[in-house]
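Below you'll find a set of structures to go through.
Here come two complexes built around chain A, the first alongside chain B, the second alongside chain C.
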Partner chain A sequence: MLPWVFLVVSAAMILPAAAAFAAGDEPGEYLDRRVVIWNLFFKMMTVAFTVGAVVSGTIIWLIWRFRESNPKAKPTPYEGTDW
Partner chain B sequence: MLELQKPRPIWQIMFSTHHTDVGLLYLITSLGFLFLGGALALAIRAELFLPGAQIISDAMTFNRMFTVHGTTLIFLFIIPFASAVGNYFVPIMVRYKDMAYPKLNAIAYWMIPPSGALIWLGFADFTWYATPPYSIISAPGPAADMWIFGLKILGISSILGSINFIVTILKCKHPDMSIGQVPLLAWSFLSSSLIILVAIPTFAAALLMLLTDRLGVSGFFNPALGGDPIAYAHLFWFTFHPEVYVLVIPAIGMMYEIIPRFSRKPIFSYNSGVFAFVLLSIVGFSSWAHHMYATGMSFTEKTVFMVGTLAAVPASAMHVFNFIATMWNGRIRFSSPMMWAVGGIALFFSAGAGGVVNSAMPLDFTTHDTYWVVGHFHLFVMGTIAFGSIGYLYYMFPYVTGRMYNEAMGKIHFIMSFVGTVMVFFTQHVLGLYGMPRRVFDYPPIPEWIAMNQIASIGAMIIGVSMVVFLANMIHSSARGAPANIEDPFGLGGRYYYPFEARNPRH
Partner chain C sequence: MGGHSNWPEWVYVGIVIALMTWVGAEAWEAERLIEHVPEDAEVIKVVGQQWFWTFEHEDGTTEIGELHVEVGKAYKFEITATDVNHSFNIHDYVVLLDAIPGRVNTVWFAPTEPGVHDIQCREYCGLIHYNMRGTLYVEEPSA
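Entry: the complex of A and B
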């Protein structure tokens, strides 16, 4: 149920924003495209690297912490069962 | 299940319609094409090690090599490998004796060798996109025509295989098994098969139009006759952006088998896995024109496709979250399959992050047709799809051969491939930002370009060496490896409920 709610909420948020963004394309507006593009690039890369660092860091920590040779490792509740 | 343990005459396997025999044929064929396509990749990287002609005589030969490289690895390695896994495991997972249509299954396989022969004997030069109007007006025949026929046959094979998977999963599953109990690997095949059924006919039509254009009886994509090459781009990408999901969804399904098993825990959320597969199958069709931002589309159209592309992010993130949450609190054994799967997840995330940048239309103009695109695409196909597939090959090896592979060699294979993949494809992203165009035989001697091409080429050679280790391991272990404990080949405890339950009636 939760994923469906997530999907509907996402659509409700994204579609109006996209429509407003597209409607804002007015001729005659002066932009230094090079500056705009690279600013957008650096912003997106900052977000990507931040999220990437969190996800990669989590994976590396998981590998270290939950490897079976870690002294703190303990059997999961499912071991020896027919799960 | 033990296909290779009891020797049988080769014809008995070749003309069998049993799903494990057909799976074995798919497996061997796909691995053969992996090495052929990989050899071409090494030649391409060796050529680009320095500016100027190095080992390849001319640009036309170079074009032929990267055309056949791409066609081979996508259509003759990744898809047949997924079919091999599906043939082996889907009937077992849905508890049926075979695929729904065994003869159709064998026919679908037997379309692949002639297609491969057409593609390799022709050795076309117009890229795996068959770029019109070049492919219509001046691409040399019969190579181009052989490529078109080869792809046509492969498309029919894919459609037959998809129908078989869909019917097997939906109609032949055990009556006691609801669709909500079908393992995620089988769900991945159901999703990708449905995508194939919707997507492939469009490209089949485009191929026919391309062929009649080449024959001069039509002008669909020929500007001189009033046609439009951009129409081909729409038809091509309507098929081949969803096709990316056809390639990646089974690989993710394979990871869904490996990660819980080696974490000694059930999957964190089965429902979100199913939901994400279905969502990817749908949104895969809402993003094809993001490949075409530079073709003069209106701002509104580009915005729609940008949003459509970004819609794939939540589904992909669900998979990554599911994998991480499954590993959490597990007791993980890092045997080769698990190393490949975890490496694949890490690279999947990196490839996806690059894709988000690509989908933003202003940035796409900056990176369009540069090595960024090459890096992004290959990070998906090599870093995610091939990693998931090779991990699964190690996983299924004991069930196919009855023997264990050499674990140390499997780990060496993984480490070298992971390092090589990062060296090649991360570097290519940066190379693209430095402006190097893709699909070029030669490049100006700009010091940064030379340095990055050399890093990429050395990375490719490392992957090449790792593949030699892999080949030696597979050949030696399938003949002389230690006998596997089929009940628990990886020593994880617990009971494996399906892989060894298949019984080939011929054994």
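Entry: the complex of A and C
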């Protein structure tokens, strides 16, 4: 599982970098810094909101699933008690 | 801890490390791209002082408070200051760099279309900081 995660992320990381490596080197063709900066901002925001959604969703699920009144709840059997 | 499995934790750790690596690599790559000054960029010396900007072109032409450039060319700003810290900003082209006395900072840009844009100091530099403005004129190529 873990190697696959690294593989996918590495591919997503290296390929665009390799493609962009020579960008802007042609005479008369220049990078538009506004585009580069906006693209970075867009990607970072996409990741930030995705991670935020996953973390928030996990916390909400945990609170719902492990609430005391959940019929499926299995309270920790404390030592010295009969519950 | 017989029978206890902690593989979800390792997956989580792997995802976090991978994400942080990706974020760092993307940011590094963007910085590398925009810091790579084209070899044919024309140098413009920018001097900030209370409370105006002076621009000196390669041919010796000096402009005060306004800067004329041409579409399709790349320009490298060599930015410094004579008195206190300032910050050179062309908002519409996302150019922003500090002007520090005794130091030359560089940033480059290539205007894409004709127009008039604001130049503004972005570091509080004294009483008239708010009015330490200039105007960027992007013009059609002359030749």
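Quick note on the criterion: the second predicted complex is superposed on the first by the 46 of 83 C-alpha atoms of A that agree within 3 Å, B and C clash if a C-alpha of one lies under 4 Å from a C-alpha of the other, contacts with A are read in each partner's own complex, and residues count from 1 in each chain.
As a working rule, a contact is a pair of C-beta atoms (placed from the backbone, for glycine too) under 8 Å apart; a residue touches a chain by one contact, two chains touch by 3 or more.
The shown structure was predicted, so the numbers you read here are calculated from the model rather than taken from an experiment.
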Point to revise | First, second, both or neither for A:Val51, with chain B first and chain C second | key: both
Exercise for review: State whether chain B or chain C is in contact with more residues of chain A in the superposed arrangement.
Suggested key: B
Check your understanding: Does chain B (first) or chain C (second) touch A:Leu40, or do both, or does neither?
Key -> both
Review point. Regarding the shared-chain residue A:Lys74, is it in contact with chain B (first), chain C (second), both, or neither?
Key: first
Review point. Between chain B and chain C, which residues of chain A are contacted by each of them?
Key: 6, 25, 33, 36-37, 40, 44, 51
Review point. In their shared complex, at which residues does chain A touch chain B?
Key: 3-4, 6-7, 10, 14-15, 18, 21-22, 25, 33, 36-38, 40-41, 44-45, 48, 51-52, 55-56, 58-59, 62-63, 66-68, 73-76, 78-83
Review point. Touching chain A in the complex: which residues of chain B?
Key: 263-266, 271-272, 275-276, 279, 299-300, 303-304, 306-307, 310-311, 314, 318, 320, 324, 327-334, 342, 345-346, 349-350, 353-354, 356-357, 360, 362-363, 365-366, 493-495, 497
Check your understanding: In their shared complex, at which residues does chain C touch chain A?
Key -> 7, 10-11, 14-15, 18-19, 21-23, 25-27, 29-30, 33-34, 36, 38, 40, 72, 74, 93-95, 109-110, 112
Point to revise | chain A residues within the chain C interface of the complex | key: 1-2, 5-6, 9, 12-13, 16-17, 20, 23-25, 27-28, 30-34, 36-37, 39-40, 43-44, 47, 51
